[in-house]
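Naming follows writing order (A, B and C), and every chain is counted from residue 1.
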Amino acid sequence: MDLVKNNAGGKAAWVTALVLACLPADTAAARPENAPRRVVSMNLCTDQLALILADPDQIRSVSYVAHDAAASVLWQRARRHAPNHGLAEEVFLMQPDLILAGAFTRRATNDILRRLGFRVETFYPAQSFDDIRRHIARLGELLHQPARSRRVLARFDDELRRATVSNRHASTPKAALYYANNYTSGSGTLAADIVARAGLRNIGTALGLDGMVKLPLELLVIEAPDVIIAEQRDSSAAALAYEAFSHPALTIAAEKARAFVRTDNSWACGAPFTVGAIERLKAAAGTAMPKAQGGTSQ
Amino acid sequence: MNNTLLNTALAIVLITAFVASLVTGPAAIPLSQSFEALFGGANEAAVLVMQEIRLPRAILGLLIGATLGLTGAVLQGYLRNPLADPGILGISSAAALGAVIAIYSGLAAMLPITLPVAAMAGALLAVFLIHRLAGRHAGTITLILAGLAISTLGGALTTLALNLSPNPYAALEIVFWMLGSLTDRSWLHVTLAAPFMIAGWFMLFAAARALDALTLGSDVAATIGIDLARTRTLIVIGAAISVGAATAVAGAIGFVGLVVPHVLRPLVGHQPSRLLPASALAGGALILAADVAVRVIAPARDIKLGVRTALIGAPFFVWLVFKTRRELV
Amino acid sequence: MIALATENLCVTLGRRQILHGINLRVFGGEIVGILGPNGAGKSTWLKAVLGLVPLSGGSVTLSGTSLSDLSAEARARMVSYVPQDREVAWSLTVEAIVSLGRLALRPAFAGPSTADSAAIEQAMADADVLRLRGRPITELSGGERARVLIARALAQDAVVLLADEPASGLDPAHQLALLALLRKKAAAGSTVVLTIHELHLAARWCDRLILLHDGRVAAAGLPGDVLTRDNMLNVYGCDIYTANSPQGPVIIPLPISRPEPVKP
């Protein structure tokens, strides 16, 4: 099994790059008067986008999940800000001037906070790299950081273009995404987009599955994927959700596959660093074109 | 004679259900290829599906169904009560509690054998409690109340244990433990559970003759020459280890032990000993059929096996309660 | 020959002592009736002889062997039992019920031997239930069911038969038929001990009577010696009237007719 476990190096590079790129150039002084300065984010994905796009003094609080190195890419930067647990009461006490939240999580909390007169902006989970672009642009506006958002976008577009494998043909290797409780990603998901851009064919999409749905282990095995991409698992506590990962059939299928890859926390949220997921997947699956022959595509 | 005919018929149904279970699944493998793959064919993926996924699942379904049917028949005979069943008496939910503690504490990951052992310990505790609470001359109401108390407590403690787990998925997995499933069970589960289930069967079958004698009550059984203490040991331990092992790997599947013996009883002339092999065969067939139905009706939904058995079993239970009440009046 | 004996038999159930040192002997081939008010310890004495309740003192001897030295199977060959309660859990056929009497006398999972079958047929014939053999027991009348349960005990072919109120709940004809059957078994060498409330039946059909009162033997001996007015007054608190019928004396219980002595 070809386990790609450690991507710490790649992520650290991104973080350093961001810090270097963003911080020294922009100053709080360049910000308009009416820009939000007490932003509370209650969702890991909005947390990380805000950490990239906002000035540090604009952020009042991020979700406690963002502090968790296992879940968050930008956990080091997140720890400079107070954590919140997405409870209406604690968020109220922070008296935010902008609240960022996920569209599917903590709906009741969002409603209460809106009723209390706060400005709550919700973001759907990114389902593609196009969504990531839109999220960056929208959040840049909300934070009154147009210049930085343009810079981040330009860099994002550039890196994405270079990461994306465009040559696809019949012999494209097949990849199976496999998460806890036998879930997989079909079409219309960020994971499927990552897989496609890494030059792989997602069997979930090929089987006509849509969104996050169950994939019986049998179907995965019978498809004989070349690459198996399994969910990064929280090994601290056992759960039946992970049972399928230790099923002998999956182990054998993984041995027969060309690569067995674990997703990392850059897959969890659509953000500029998600481009890194494509690069790492390509490296593991062997779909990355050697640099010298970069121009052999049609 | 007549009994042999019945058992032969049930065995044929069981084999049919077993074969149906082998050829049913989301992966469309042609019939001819699937049997070839069972014994090692050319298509590697098909071989993997048949040998590593479907075969252990079908074997486990057969063993668990037989265990539940047999235990139900034995408990009904022993307690002289048609409402006795490992699920209703709380044995399954106590076993699930033991299994949950073993799995979510991480013990089972370190040492797999602790999984069935913990479940069997839970089941044993439940059988002892039933004995203490209801006694051997238990009336229907005492028995049901004792079972309700144990299964409620077991369910609550299971939920608590799952809620306390730091794993975010754990809390949702109460569904598996309450309803049971055979999805993605592997040879590991077969090897963990099968020896205990089969050992339990031997003990339960060894009590068959005593069950006949108990038809006339325990006093008469004793004077006929039945060793009641030995019978009790056989049944308590046999039921606990077989149901414990079954629950450890497939969750608490309800109602099989209730419905199967009851339906078959008139066909064996109401004789408790003859009910045992018939209930084991039919229990296996029922679970396999339910598991086929689960995969045919909504393959992608992973409907829990217990949902199907409960859909059949619960109305049946209500009917049985009414019938018993009529007989009591 | 002494078929069964209890010596200084004491039984305590829970915190209550039920039997206080019962000394009794029953001889081979006799019918012994045990009388006494409800709660006198009749059923408990039977159960103690069968080993169904623990003894707190004394001993039980069956054909010269101590009960505690007998295996469950050996005991089953020596003594059979018909309990007071006629409940049957499952609706087995009459033949299947009677066959249970032979259950433990053969190896496990073996079918009935020729001897077993013969004993079962004989027992059904003796108890006059042959024509019921295929009927489910739950469909029978109370009298028929009582006879089937007696047949079950007879099929065991034990030397001693202990029956707890076998005549209760039966109509007069069935009561007489039952006692005639027991009489016949006794004549053939069996020993029968039964508890009974009907004084007239006890007097007419038993060889000897034992009168229990509060866990002690109040009187024992021939029916005429036990069924005296004084004994009845002391134990039951009722009077009796003895009438003469063409077939012998008949004893009828009566309320106390004498006026209570008025205290000055």
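In the analysis below, a residue touches a chain if its C-beta (ideal position, glycine included) is under 8 Å from a C-beta of that chain, and two chains touch if they have at least 3 such contacts.
Source: prediction; values computed, not measured.
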Original post:
Along touching chains only, what is the step distance from subunit A to subunit C?
Top reply: 2
Subject >> Identity of the most central chain, Cα criterion >> reply: B
Subject >> Centroid comparison with subunit A (C-alpha atoms), farthest chain >> reply: C
Subject >> Averaged-CA centre spacing for the pair subunit C and subunit A, given as whole angstrom >> reply: 85
Original post:
With chain centres defined as C-alpha means, what is the inter-centre distance between subunit A and subunit B in Å?
Top reply: 44
Original post:
For subunit C, which residues count as touching subunit B in their complex?
Top reply: 47, 50-52, 72-73, 75-77, 79-81, 83, 85, 87-93, 96-97, 100-101, 103-105, 108-109, 136, 149, 152, 156
Subject >> Partner subunit C, residues of subunit B touching it in the complex >> reply: 77, 80, 206, 208-209, 212-217, 219-220, 222-227, 265, 269-272
Original post:
Mind pulling up the subunit B residues that touch subunit A in the complex?
Top reply: 25-27, 29, 44-46, 48-49, 52-54, 103-106, 108-109, 165-170, 172-173, 176, 183-184, 186-188, 299-302
Original post:
Which of the residues in subunit A end up touching subunit B in this complex?
Top reply: 180-182, 213-214, 216-219, 221-224, 234, 236-244, 246-249, 252-253, 256
